[in-house]
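Letters A, B, C and D name the chains as they come in the text, with residue numbers starting at 1 for each one.
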Amino acid sequence: MTLSPEHQAEIDASRAATRTTLRPVAEGLEQRLYEALPALDHGFVRVVDYMGDDAAIVQAARVSYGAGTRKARDDRGLIRYLMRHWHSTPFEMCEIKLHVKLPIFVARQWIRHRTANVNEYSARYSILDREFYIPAPEHLAAQASNNRQGRGDVLEGAEAEAVLRMLREDSARCYDHYAGMLNETADGSPADPDKAGLARELARMNLTANVYTQWYWKIDLHNLFHFLRLRADPHAQYEIRVYADIMCELARAWVPAAYEAFEEYRLGSVQFSASAMGCLKRMLAGESVTQESSGMSPGEWREFQAALAD
Amino acid sequence: MTLSPEHQAEIDASRAATRTTLRPVAEGLEQRLYEALPALDHGFVRVVDYMGDDAAIVQAARVSYGAGTRKARDDRGLIRYLMRHWHSTPFEMCEIKLHVKLPIFVARQWIRHRTANVNEYSARYSILDREFYIPAPEHLAAQASNNRQGRGDVLEGAEAEAVLRMLREDSARCYDHYAGMLNETADGSPADPDKAGLARELARMNLTANVYTQWYWKIDLHNLFHFLRLRADPHAQYEIRVYADIMCELARAWVPAAYEAFEEYRLGSVQFSASAMGCLKRMLAGESVTQESSGMSPGEWREFQAALAD
Amino acid sequence: MTLSPEHQAEIDASRAATRTTLRPVAEGLEQRLYEALPALDHGFVRVVDYMGDDAAIVQAARVSYGAGTRKARDDRGLIRYLMRHWHSTPFEMCEIKLHVKLPIFVARQWIRHRTANVNEYSARYSILDREFYIPAPEHLAAQASNNRQGRGDVLEGAEAEAVLRMLREDSARCYDHYAGMLNETADGSPADPDKAGLARELARMNLTANVYTQWYWKIDLHNLFHFLRLRADPHAQYEIRVYADIMCELARAWVPAAYEAFEEYRLGSVQFSASAMGCLKRMLAGESVTQESSGMSPGEWREFQAALAD
Amino acid sequence: MTLSPEHQAEIDASRAATRTTLRPVAEGLEQRLYEALPALDHGFVRVVDYMGDDAAIVQAARVSYGAGTRKARDDRGLIRYLMRHWHSTPFEMCEIKLHVKLPIFVARQWIRHRTANVNEYSARYSILDREFYIPAPEHLAAQASNNRQGRGDVLEGAEAEAVLRMLREDSARCYDHYAGMLNETADGSPADPDKAGLARELARMNLTANVYTQWYWKIDLHNLFHFLRLRADPHAQYEIRVYADIMCELARAWVPAAYEAFEEYRLGSVQFSASAMGCLKRMLAGESVTQESSGMSPGEWREFQAALAD
C-alpha cells in the first residue's frame, strides 16, 4: 500500500487533533483511529469513527439510566450470556465506520451484506486510480478439484508466470485505454483537443474487476460479527478474508469482552444437526458409529468428523 | 416528568465525566448529552451517544481521506444539494442513540419504523413502573367528524371529567391488580407468602396501553429525518409529535446544516402531482382553474388549495 | 375462535374461486389457503397468499432458466446443503402472506422481527372488537423462581380464581369504558347525542394489552425460519409459541424439503461453544469432565449437560 | 439478445404448463410470465413469479377478511389516496421476482438498492458466458461539460470508432485470457493437461465490467416503485434506465391502478422546497420573481424554472 504524502499528512493531522467529549470512549480503538492498515497489495482498512464500547452493550441490555449499578452478573458475564443466547439487539447499539480500499471483485462480494451503510467512490463522477490487485505468487491458487468453490495447490513455473503476466498486462492495458477514452488531463482539460472524451459512466466499463475502489462502510456490531463469521472463515475467499482478519483485530481492540464472546460462541463454535447430535450421544455412550450407521450423507459425515478432529 | 434522585445523580455524573477523543465532536449536541428532555407527563428523550456531524456527511459524499480539500462547493451547499437530490447514503453516515420513555400506545406507532435498533425494557423480565399517560385537559380531543383519523374540538365539562376519571381509575386499578398478581415486594420476596405470584410475562397483559415503557433507540440521520418528516407533521398524533418535536431540536443542535436543509427540502416542501403541476402551469399562465376543470378529486383539490394558501 | 357468519362466508367464497396461473403452485399450501387456523382463545392464522415452493429455492440457487436440468445433486440434497452451510438468499426467494389475529402483548413481541411487511388494524382509524385473551387455567403459570424470564408451576385454587377474575373484569371494564368514551353506535352516530365522543386515537389507550388486534404479515422463508427458530423454541413465551407452532405446520405443507432441512439443521440442532467443543473431544477420548474442569460457568455447564441428555 | 434454443424451449415449456390456484391472479402479468424481454445488446428481464395484484393492496389497507365489502371509497381511489399520502405498507404486500441479465457495471449500481433479495450467478463457482455490452453508436456519449455526472453529445468519426474498437478488443482479450487461465473445456476436463488452471474465484478478476452477469431479484412493490423513481428518471444512466423502463411496463401490466397512481404522484410529480413555495405564491399573486429575489441558488433556480416549463 502506498499512501500519497498528502493523504498521510491528513491522517497525521486527524490523529493529532484531540477533542473532549462526554461520550463513552473505547481506548483501544482510539489508538488505531484513522490509521491505514494495509490489506492486499494496494488496499487498506481505516477506522474513521465509532460509537459505543463494551459498556454500551451492557447498558442497552439493562436499559438503565447510566452506567448501570444493579450488577447481579458482571458485565463480561452478561455479554457472554447475551451472545450465547442469540440476543442481537444489545450488540446493535455499537456502530463502527470504516474507510476501505479494495478491489472491485472483493467489493462485489462484500456488498451482498445489506445491513450496512455505504458510500462508494463513484466512477460515474470521478476517475479511478491506476491501481490493480495482482495476487502474490503464494496466493495464485489452482481450482480445487474436489470443490467447485475452493482453491487447490499454488500454480507454479511457466503457468504461474503466464497468469501473472496476463493479469498485469490486461489490467494495465484496459486502464490505459480507459484513460485514453476519457481524454482528460489532471486539470480536467482535454488531453487531445480534437477529441470529445467518452463519458466517465461509460468508460469505466473497460476496467477489469481487480481495479481498486474505495468506500465508507458503516455497520453495527451485531451485523459486523455476522459479516466476520462468514468472511473470516477459512472457506471465505482469501482476498476478502484479509480484510475480515483486520476487522477482527479492530473489533478486539474496540470491544474486547464482546469479541472474546464472539470467538467463544461464534468463530470457535460448531453447530451439530439433529442427526449429528444423535450420533454424538451414541458415541458418548460408547457405541462406534460409522457413516453408514450415522444417517448422514458422506459430505455431512466428513464435516462431522472434521469438527471432532479439529 | 419526575426523575428519581438516583437517576438524576447518574445523569449528572455522566455529564461530569469529560474524556478525550480523536473522533469528530458535535459541540451543539455535547451540551444536551444525557440530559432528560421532558415529553408528555412522565416521558422523556435523552441523547446517550452519537456518531458524526455535518462534516461527516460531506466527508462521506466526497469519500476523501481526511477533512476534504477540493471544495468546489462549500459544505453547506453540498449538504443542500445532497438533500435536494435525494442522496440518502451520506446522511446514513451519522448515527444517534436515544433513551426514550413513552406510553405503550406511542411505542406501538413508533416501532413501525423498522430501520432502527431497539432495546426495550422487558416486562417479561422486569416490573414496569406505576406511571401512566393522562392527557392534559387541552389535549382531550373529540373525534373529528370529517376525518376518521383526526381530532376535533376539545372535550369539555362533564364529559371531559368523566373521561379523565375513567382513564385515571382504569390505569391505576389495572396496575394495582398487575402488582397484586405478581405478588412481589421490592426485594423480590413474595408479598403474600401463601401465593405463588403470576408470571411476569402473563401479568403484563393486564396493563393499559397508556403505561410508560422505555427503550434505547438508535438510528441513522437519513432514517431519523424520514421518521421526523412523518411524525413531526401536523397530521401525526399529538402524543408522538411531542417526541418528534424534541428530536427536531436535537437534530438541529447536532447537524445544523443538515437540519436546515431538511427544513427547506422536506418539512417545508410540497409535492405536487402530475395533475397539480398541470393546474399550476395553467394558473401561472393566467388561467382560472376550478376543481371541476382541474382533473383532481375534491379531496386532492382541497389539499392543493391548502398548499398554495399556507 | 369465533368467526362471524359473514367472515366464514367470505373465506368459503375465496376457497371456491379457482383460477388458472402459470406460476409455481405449492399443492400442500393450496389446501390450507384462506382457512382460519385457531390460536389461543380468539386468535387465528390464515395464509392469504404465497410465492414459490421447494423448486423455487433450488431454481434460485442454480440461477438457471427453468426447472433446472443439470442436477449433479438432487433438489432435496441441494436444499439440505444450502441450509447446512447458511446460504440464506435462496430461501429468501419464497414469500408468504398471513392474516393473524393476536393479543396486543403478543403483537409487541412479534413486531420486534423487523424484516417483514406489516399492515395492522388501526385503532386510530377503527374500533377494536370486544375480545380479550384470558389464559386457560392450565396456562396460568407462576413466575419461575430460578429464571427471571420463565414460568413455573401452574397457579391453583383461590389464587388462580382471583387472577382470572381480575383479568376478565379489568379487560371488560376497560373495554366498556373505551366504548363509552367513543360514544359511537354501530352506524357511527353518537350513542349519547349530548356527548362529543373521545378521539379514537386517544380512547385506545384505555385498552389492556390482552385485547386482540390483527394484521397482514408478509415475510420471506429465510426470515420466517429465523422467526420460527426463536419463537417455536421451548423458551419462547407460550402465547407466541402457539402461533409459531401453527406456522411450522404451514411451512411444512408449503415447502416440505426446506422444512425438513430446517428441522434437521436449525430446530433440532445444537451449537457448541469453543469450550464445549474442547470438553466434548475430551469426553469422546474417554476423559471424565466436570463443571470445574470444563472451563464453563455453572449456567453454561447446565446447558451443555442438557444438550447431551435431551 | 440471443437465447439458446434450450433456454427458449424451457421458457416455452414454462409458459405451457397451466396450473390451478386459489390465489389472486394478475391477468396482465400472466401474459408476460417467463418471457425474456430484451435489454441492451445481450441482456433481458424475465418475470419468474409474483404475489398479489391491485386488490391485494386494497385488502391490506382494509385488513379485512376477504375481498373487502365496506367500500366507502372505490379501490382505485383508495390506491391513489394511499400513494398520495405516502402509505407504504400496503404496497409492500405485493411482490415480484425477476430474472435479469445485465452488465456488471449496471449490476453494481442496481445492488445499491438494499431492500431486495438477490441470487446472483456466482463466478466463484461457475464460468461466465462470453458476452459483453458494447454501446450502440447512438449511445456512445461524451462526458457532459457542465455536469460531472452526465452525458453530452454522441462521439463521432474516428474517436467513436477507436472507442468501440478498444471496448470490443479489450473485453474479448480479457475474456479469452480468463478462459485460458481457467484451462477448462466444456466438460470440465483440462484444456491443456500440463496446466493446473487458475481458481475461478481468481480468474474472474481479469474480466471487464461490461461482461454480463445474471441474477434472480425479488422485491416488493413499494421498493420497486422507489427503485423505478430513481432509475427510470432521465438523470439515471441510460444503461440502467433501459431495464427500469421495461420494469415500468411490467408494473403497469401487473398492478394497473397502482402504476397509474405511481405515475401521477411520483414519476410525474415535482417537489418544491420551502423557498420555491414562497416564490410560487408570489408568482401566483402576480409578482415577477427573479433568481436574485428568489432566495435560491442559481442551480436551484434553474431546476425550479425547468419544473415550471416542462
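Convention: a residue touches a chain if its C-beta (ideal position, glycine included) is under 8 Å from a C-beta of that chain, and two chains touch if they have at least 3 such contacts.
If you want to know which protein each chain is, UniProt gives these names: A, B, C, D = Flavin-dependent thymidylate synthase.
Source: prediction; values computed, not measured.
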Between C-D and B-D, the pair joined by more C-beta contacts: C-D
Geometric centre distance via CA averages, chain C-chain B, whole Å: 28
Whole-Å gap between the CA centroids of chain C and chain D: 34
Residues of chain C engaged with two or more neighbouring chains: 89, 112, 118, 122
Touch-based graph of the chains, sorted into line, ring, star, complete or other: complete
Chain D contact footprint on chain A (complex, rising order): 103-105, 108, 111-112, 114-115, 118, 122, 124-126, 133, 135, 140-144, 148-153, 155, 159, 163, 166-167, 170-171, 173-174, 177, 180-182, 184, 195-202, 204-210, 237
Residues of chain C defined as touching chain A within the complex: 77, 80-81, 84, 86, 89, 112, 230, 263-265, 267-277, 280-281, 283-284, 297, 299-300, 303, 307-308, 310
In the complex, chain C residues that touch chain D: 6-7, 10-11, 13-15, 17-25, 30, 33-34, 48-52, 56, 59-61, 63, 65-67, 89-90, 92-93, 95, 97, 99, 117-122, 214-216, 218, 220
